[in-house]
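All chains are identified by letter, namely A, B, C and D, in their written order; residue positions are counted from 1 within each chain.
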Amino acid sequence: MKTESVKGTFLKKLETKSMFKLTRLKEFLLLLLHYKVSCIGLCIVMGIIILAIFAPIIAPKHYAEIDVPNKLQPPSLAHPFGTDALGRDIFSRVVYGAQIALWVGLLVVLVEASIGISLGIIAGYFNGKIDKIISASADIVWSFPTVVLALGVVMVLGPGITQVVIAIAVTSWPGFTRITRAKVQSMVNREFVLAARAIGESDLNIMLRYLLPNITSTILVLATLTLPSAIISTTALSFLGFGAQPPTPDWGAMLSEGASQLVIAPWVATFPGIFIVITALGFNLLGDGLRDLLDPKLKI
Amino acid sequence: MDAPLLVVKDLKTYFYLSKGVLKAVDGVSLTINKNQVFCLVGETGCGKSVTALSITRLIFYPGKIVGGSIIYEGKDLLKLPENEMRKIRGKEIAMIFQSPMKSLNPVFNIGYQISEAPIVHFNLKHGEAWKQAIELIGKVKMPDPEMRAKSYPHVLSGGMRQRSMIAMMISCEPKLLIADEPTTALDVTVQAQIMDLLLDIKRRSSMSIMLITHNFGLVAERGDEVAVMYSGKVVEGGSVKDVFNEPLHPYTQGLLRCIPVGFERKTEIDYIPGTLSSPINPPVGCRFHPRCKYATEKCIKEEPKLMEIKKNHIVACHLCGG
Amino acid sequence: MASMVKKSLKKLESKEAITKIQAVIIALIIIIAAGIGIIVYYFVLPPPVEYKKTLVIAIPEEPEGLDIQQVSWSNEIHDLIFQSFMNFNESMGMVPDLATNVVMEGNNITIYLPADAKFSNGDPITAQIVRDSIERYRKLSPYGSDYDAVTGYEIIDSHTLKIICNVPPVYIWFNDIPVTYGDVVDTNVSSQVGDAAFNQNPIGPGPYKVKEWVHGSYVLLERNDFYKTNLPFVQNKGPNPYIDEVMIRFIPEDLTRVSELEAGTVDIVRGVPSDAVANLKANPDVTLYESITPGIEYLMINVRRPPLDDVRVRKALIYAINRDEIKTTLEDTVLPCYSYMSPSMLAYNASVEEHASQIYAYSNETAKSLLAEAGWVDTDGDGIVDKDGQPLRLELLIPNDEPKFKKIGPLLQAKLSSVGIDIDYKEFAYNYIRAKTRDWDFDLAGRFYSWFDPAGILPYLLHSTMGNYTYSNPEVDSLFDEDRSTALSPTERTALYTQIQNILLEDAPWVPLFIDVTYTGVRKNVEGLLVMPPFATLFIQDVKVKVVKGG
Amino acid sequence: MSALLRYSVKRVLIGIPVILFVSLFIFLLMQMLPGDPIKLIAGERVTPERIEELRRSWGLDQPVYIQYFYWLSHVMTGDFGYSYVTRLPVSLLIWSRLPYTIQLTFTALVLSYVFGIPIGVVAALKRGTAVDNITIGVATFFYSMPTYWLGLILMLTFGLYLRWFPISGSSSLESMVLPLLTLTLPYVAMSARIVRTEMLEVLTEDYVRTAWAKGLPSRRVILRHALRNALIPLTVMFFLDLPWIIGGAVIVESIFAWPGMGSLLYKSILKQDYPVVQALVLVITILTVVCNILGDIVSAFLDPRIRVEKEA
C-alpha cells in the first residue's frame, strides 16, 4: 500500500511541477513575443543555429575545396556568395563558419562565466581581503585591451581555436565577476541568507543552493549579451591572423583575407562581415529582450 | 457650505501592461470641500493611490488617465496643458508619500530640497528661499533647523524625513495636501506626532487634507468626510459619523467588523472571505458580489450606481438603493 | 537714360559715318577675337607649370632605426640619407656614386674619395672618417662580421683609403661597397650625441637629411645642399631643386596604402599587394614599376628530423606542389621557381632553372610513388600514408605577415594532403618562424631570402658552420669557402653556383616555390623617377612632380 | 576633505604592490614566450657567433631575476631601457605616441559619453515609443559591428570614393575624423544603452516622483534630480574604462595608420620586444590604479552617502 501512495504523490508532484513549468515557459514565450525587438533577435539566433546544425546539408561544397581555375567569381547560381582567391565557395564557408562562430562563442561564454561567476560569488560573499584581491585583479584584467592580452596568451600557447577561446575568456571574465559580485552583495544581507546562516548551512552550500539559483536569470541575460562580444573578439583575433588556422572557415579570417580584395572582389569580405554583424545583432537584441523581461536593473 | 474645493467625476485611469489592461481606477467620483480632512480608505490595491496620483496628473508610462474630469476652482485639471498644470502642482495641490526613506533625493541636502518649490513657483532668491526653508524646518518641529538644513536625507530618521517632506510640500501654502499613507511606514508613537503636525498645519493655514489610508482608527479620530473604495470604484461615501455609525454597504460593514475594538475578548477575528478580484478582468455587475453575503441575481448582472440615500451619504449597492 | 540713347543714335544716323550693318560686323569681330584669346589662353597654351615641393612615399613598415649601422633591414629612408661608394646600373654593372673610383687588387681594396665630398652637416668626408665608420659598423651592426677578413687600413692621403685583408676581399666588394649597409656615417657626430640619438637623426652624405621623425606615422626628410654624386645614369649630379622635402609615411594596411595612391594623396607606393595590381594597371593616373626580387620564397625542410631525413620523402614534397596554380592564385605577380636562385641575382644561370623545372615538374603520381618507395603507403585507407603504424604527419609553418605566402598557405596544405600527408597547419609572424628554424624546432617552414650576391646570403642558409640551419654538405661548404676566398671571374662564379645548385637539387633541402615580383605604384604626374635593380631602389635626383588641377 | 585625502593615500599604498605584481607577471609571461628576441631580430645574414655577441652586449644572458631587478631599478629613475628592435629609448617611443593616443582614443571615449548620455536619456524618457526602439535598435546595430569592419567601410566610402576626409595618417585634424568615427560609434552605442537602463531605474525612484509633485518643470526634474543620480555609476564606469585608451584602438590604428600606443603595444608583443611591452603594461597598470582611486573620489564627491562611508 505504501508504494502506491508514494507513487501517487510522486506523480502528483511531477504533474504539478511540469504543469507549473509549462505555464511558465508558455508565459515566457508570450512575453518575449510581446517585445517585438527581441523577437527579431530570437528569429536571427534561431536561423544561425539551424544554419550551424544543418551546415553539411545546406553547404553545396566542402569549405576547404580548392578550385583555383575559377577563383574570384562574382555571386552566381553555382556560387550564391561567389568564390574567394583560391576558388573556394564562400557560401559553404560562411555556412560552416556559423558552426565555428557559435561553437567558439559558446565555449568562450562558458569558460568566462565559470571563472567570472565563481570569483564573483566568492568576492560578493566573503567581504574583506578576498573581495579586495579579486576586485583589484578584475579591474586590472578589465583595463587591459582584450585583443592585446589575448595576443600574449595566443603567442604563449600558439594559434588555433581552443587557444583563442582561452585567450579571450582569460581576458574578459571580469565582466561576469563585477556584475555577479554586485548582485551577491545586494543579496548577502537579505533575510533568507541570514536565515540559512542561522541554521548552520556551510558557506559553500549557501553559495551554491541559495545565492546561485537567485542569479541564474542575470547569468542567462549576461551570457546572451556577452556571446556577441565574444564572437566579435574571436573574429578580431582571426582578423589579426591569430585565430582559427586555415582552412577552417572562421568569419574573421575570411574578412581579413577579403579585405585587400575589397575593391576588386567586394563579395569575398562583405558576406562574412554581414553574417558577423547579423549574428551579434541577433544575440544583442535577444539579450536586451531577456534583460527587460528577467532583470531590468541589469546594467550592461 | 460654500463651493467645494475639488470635484472628481467618473475618473478612469488604466495601465496598459503586457498581460492586459489594468483598470486601476474605473469611474471614481468624490468631492473635497475647503478646510476639511477627506479620507479615502480601502484594501491595498483598490486604486486609492492611483486616484491621488491622477488628481496631480503624476501618471506615467504604462499608465494613462482615460476618462472623467477633475474640477478645481472651475478648471478641469485633466484638460489643462502641462505648463498650466505645473503651476498648480506643488503650489495649489501638494502631495506627500508613504516611504519617507526613498522619497527624498539622496544627493541634495534637506534645505535645498525644501527651498526648491518656492524658488520655482515664486522665483525667490536662493538666500531668501534658504531662510524660509529653515523657518519651515522649525515649523515642522525639527530640532536645530540650521544644522538640519545642511544635512543629507540618509542621516535622518524616518520621522524626521517625513517631517522634511511635509515642510517641503507646505512651502507654498497649498490649498489641498494629499497624504498617501503618510504614517504607515512609521512606528506608532511617531505616527501620532506626524498626524498632530498635519492637523495643526491644516488648522493654521486653512488647507484641506486628503488622507489616504487603510487605518480606520486614524479615519475615525481625524477624518471629516470618508469615501470607501473597492477594486477601482467608490462604493460608499459620506461624513465619518454617518458611515461609521450606520455603514450601508456590506463591504464597509465587513471592514468595520474587522477592527478589534477595546478589550472585547473575541475568540476569532472576523474577516471578509475571498481575495480582491483581478483588476485586469473584473467580475461583471457589482465587483464585490463574489465576496458579498447578500449578493443577489441583480448584483451579479447589473452594476449598482452611486446614489444619495441620506443627506450627504452615498452608496453603490442594490440592497440599499432598492 | 532712354532719351540720351535716342539722341546719340539720331546723331549717328545723321552723320551716316557707318551703316547699321557695318556696326554689327565690327561688334562681331571684336567678340570673336576675344573668344579666341580666351580659348588660347586657357586651353591651348600649356598652363604655367607648377611643381609640388614635397614628394610623398608610402611604405608598409616603419624602419627599426635610421642609422644604417644599427638596423637589420634597410629601406627607402636609408637610401636617401646615405650614399654608397659604388652603385649598380641597369645591367648590374658597378658604377661610381660617392667615390670617384674603388679598385680591388690582390688582398686589398682602395677607395678614392672626391676632394670636396661632404656630409649633410658640412663636415668633410676624409679617409680617417671612412675607417672609423667601418670600425663602428663592425662593432654595432648585426652584419659586422662582413669585415672579418680586414686586418688593417692604410691612409694613402686625406681622400684615399686602402683596406688590407688576409683574403681577396670579394665578399666586401659585392656585399658592402655597392650597398647602403656599407655606407659611411659621420662618426664625429655619432660619438658626440651617442648611438641612440644618432639612430634618430643620423648624418650621412645622401641627397636628403632627417628633418622630423613622428614615430609610427612618418619621417620627413629635407634636401641636403652639400650632396654630390658621380652616378652616370643621373642627369642632375647635385641636390634636386624641385623636391625640397620627402615625406615617407608608414601605412601597414595594404588596402589603405593603395587607396591613398588612387586618391592621389600619395605620389609613390611600395609593396603594392597582388590583388591591387590588375586594378592599378587599368588606372590611367598610375604607372606600375615591376622588379624581380633577388631571392626565392621556399619551404625549408628540417633534414635532420625523420622522416624528412629520407631524400625521397623530400623530393616527393617538391613534386607535390603545383607552381602554376600558385602563379594564378597570386594574380600572375610571381614567377614559378624550381631552383635555388633568382634571375636578378649575380652569377645566375637560367639553364639550371630550365633543367630543374623539367625534372621536378608537378606530378602527383611521382610524389606518391616516391613516398611508397620510402615505405609510406596508405594501409588503413584513411587518406593518410603511414609506415609501420605511424601516419605521416608534418607541421607546416606559414608566415601570416607575408601576404603572398599567407594567401597560398591553404593551397600548399591541400596539395600536400592530396599525396597523403597529414598537415598540421600553423601561422606565425615571420621573425618567429625564422627563430624556430634556427632552433631546429620545425618540420616545414615558409621562408624567403632577398639578396643580390649569392655569396652574401646562401652560405648563411646552407653552409654547415656559417649558417645555423639543419642542412649540411661538406662539398657545398667547400664550394662556398672557395667563392669567399678567391677572386673568381663572373663566368667562373656562375659555373661554381651552377655546380652548387645541382648538388642542392639532388639533396633537396628546400622546396622552392616562387620568385616574388614587387610592384611600385607611381602617380603619372611624377616625372624623372628611376627604379634600379636589384632592390628596386628609388633614385629621385631628377624627379619633378607636376601639380595637377583638381587632381 | 582631509578624510578623502587619507582614503586616497591608503588606496595608493594598496596600489603599489598591485603594480609591482603585475609588472613581475608580465615580465615572466614575456620570458615564457618561445624564441628569444635576439634570434627574432637578427636578420638573415648573421652567423651564430654574432648572435651570441649581441646577446651579451644587451645583457640578455643574465638570469631572469637579475634582468627584472635591473629593469625595475632603472624604471624607478624613469629610464625604461632601450627597445630591442629599434634600440631607441622606450620612454621616447611612448612619449612620442602619447599625444596621438590622447588625441584619438581619449577623445573617442569622452565623445562616446557626451553623445551617449543624451541619447540614453531621450530613449529612457520616450520608453516604449518608436523613438526608443529606433535609437536603441541603431545603437545595438553599431554595438554589434566589429570595429575593423566598420573601419574598412568608412575608409573606403568617405576616404576613397567620396574623398571627404584623408584616408589615413596623422598629419592634419581632418585625418582624425574617420578613425575617431570608427572608435566612437560602437562606444556611443554601448554607453547609450547603459545610460538608458540607468535612467529607467532612477526615473522609477520615489524622489523623482516627489520632484514632479513639487511642480518642478520637467527639464529640471530630469536633469537635476534624475540624471544627477544616474551619473554616479556612469562616472565610475568612465574611470574604469579610461585605461582602455592605451591599447583599445589596436586595429583602428593599423587600418588608419594612426601612430597610437595600441599599435606600438601590438607590434612589440609580435616582435617580443620585452622592454617596450613591460613599459606599456606598467603604464596601463598605473593608470588603472589611479583611475580606480579617481573613480572613488569623484563618486564620493557626487554621492554624499559614499562620502560618509569613506570618512567612517
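The rule is simple: a contact is a pair of C-beta atoms (placed from the backbone, for glycine too) under 8 Å apart; a residue touches a chain by one contact, two chains touch by 3 or more.
Just so it is clear, the model here is predicted, and its values are computed rather than measured.
Chemist: Which chains contact both subunit C and subunit D?
Modeler: A
Chemist: Which chain is the middle one, judged by CA centres?
Modeler: Chain nearest the overall C-alpha centroid, as shown: D.
Chemist: Specify the chain most distant from subunit A by Cα centroid.
Modeler: Between subunit A and every other chain, the largest centroid distance is to B.
Chemist: Go through B-D and A-D and name the pair with more C-beta contacts between its chains.
Modeler: When A-D is set beside B-D, the one with more contacts is A-D.
Chemist: What whole-Å value do you get for the distance between subunit B and subunit D if each is reduced to the mean of its CA atoms?
Modeler: 52
Chemist: Distance from the CA centroid of subunit A to that of subunit D, rounded to the nearest Å?
Modeler: 24
Chemist: On a C-alpha centroid basis, what's the spacing between subunit A and subunit C, in Å?
Modeler: 46
Chemist: Roughly how far is subunit B from subunit C, centre to centre by C-alpha average, rounded to an integer in Å?
Modeler: So the centroids are 87 Å from each other.
Chemist: Two or more other chains in contact with one residue: find those residues in subunit D.
Modeler: Residue numbers touching two or more other chains: 34, 152, 156, 270, 272.
Chemist: Two or more other chains in contact with one residue: find those residues in subunit C.
Modeler: Within subunit C, the residues that touch at least two other chains are 253, 255, 259, 401.
Chemist: For subunit B, jot down the residues that touch at least 2 other chains.
Modeler: Nothing qualifies.
Chemist: Can you list the residues on subunit B that touch subunit D in the complex?
Modeler: Touching subunit D from subunit B are residues 56, 58, 60-62, 82-83, 86-91, 94-95, 97, 99, 102-107, 109, 116-117, 120-121, 152, 154-155, 165, 168-169.
Chemist: Once bound in the complex, which stretches of subunit C touch subunit A?
Modeler: Touch list, subunit C to subunit A: 253-255, 258-259, 273, 275-276, 278-279, 325, 328-329, 400-401, 403, 406-407, 409-411, 413-414, 425-428.
Chemist: Hey, which residues of subunit A end up touching subunit D in the complex?
Modeler: It comes out as residues 36-37, 132, 136, 139-140, 142-145, 147-148, 151-152, 155-156, 228, 232, 235-236, 239-240, 252, 255-256, 259, 262-263, 269, 273, 276-277, 280-281, 283-285, 288, 291, 296-300.
Chemist: Per the contact definition, I'd like the list of subunit D residues that touch subunit C in the complex.
Modeler: The touching residues are 34-36, 39-51, 54, 82, 85-89, 92-93, 96-97, 100, 152, 155-156, 159-160, 163, 166-171, 253-260, 263-264, 270-272.
Chemist: List the residues on subunit D that touch subunit B in their complex, please.
Modeler: 127-128, 203, 205-207, 209-218, 220, 225, 228-229, 232, 302-305, 308
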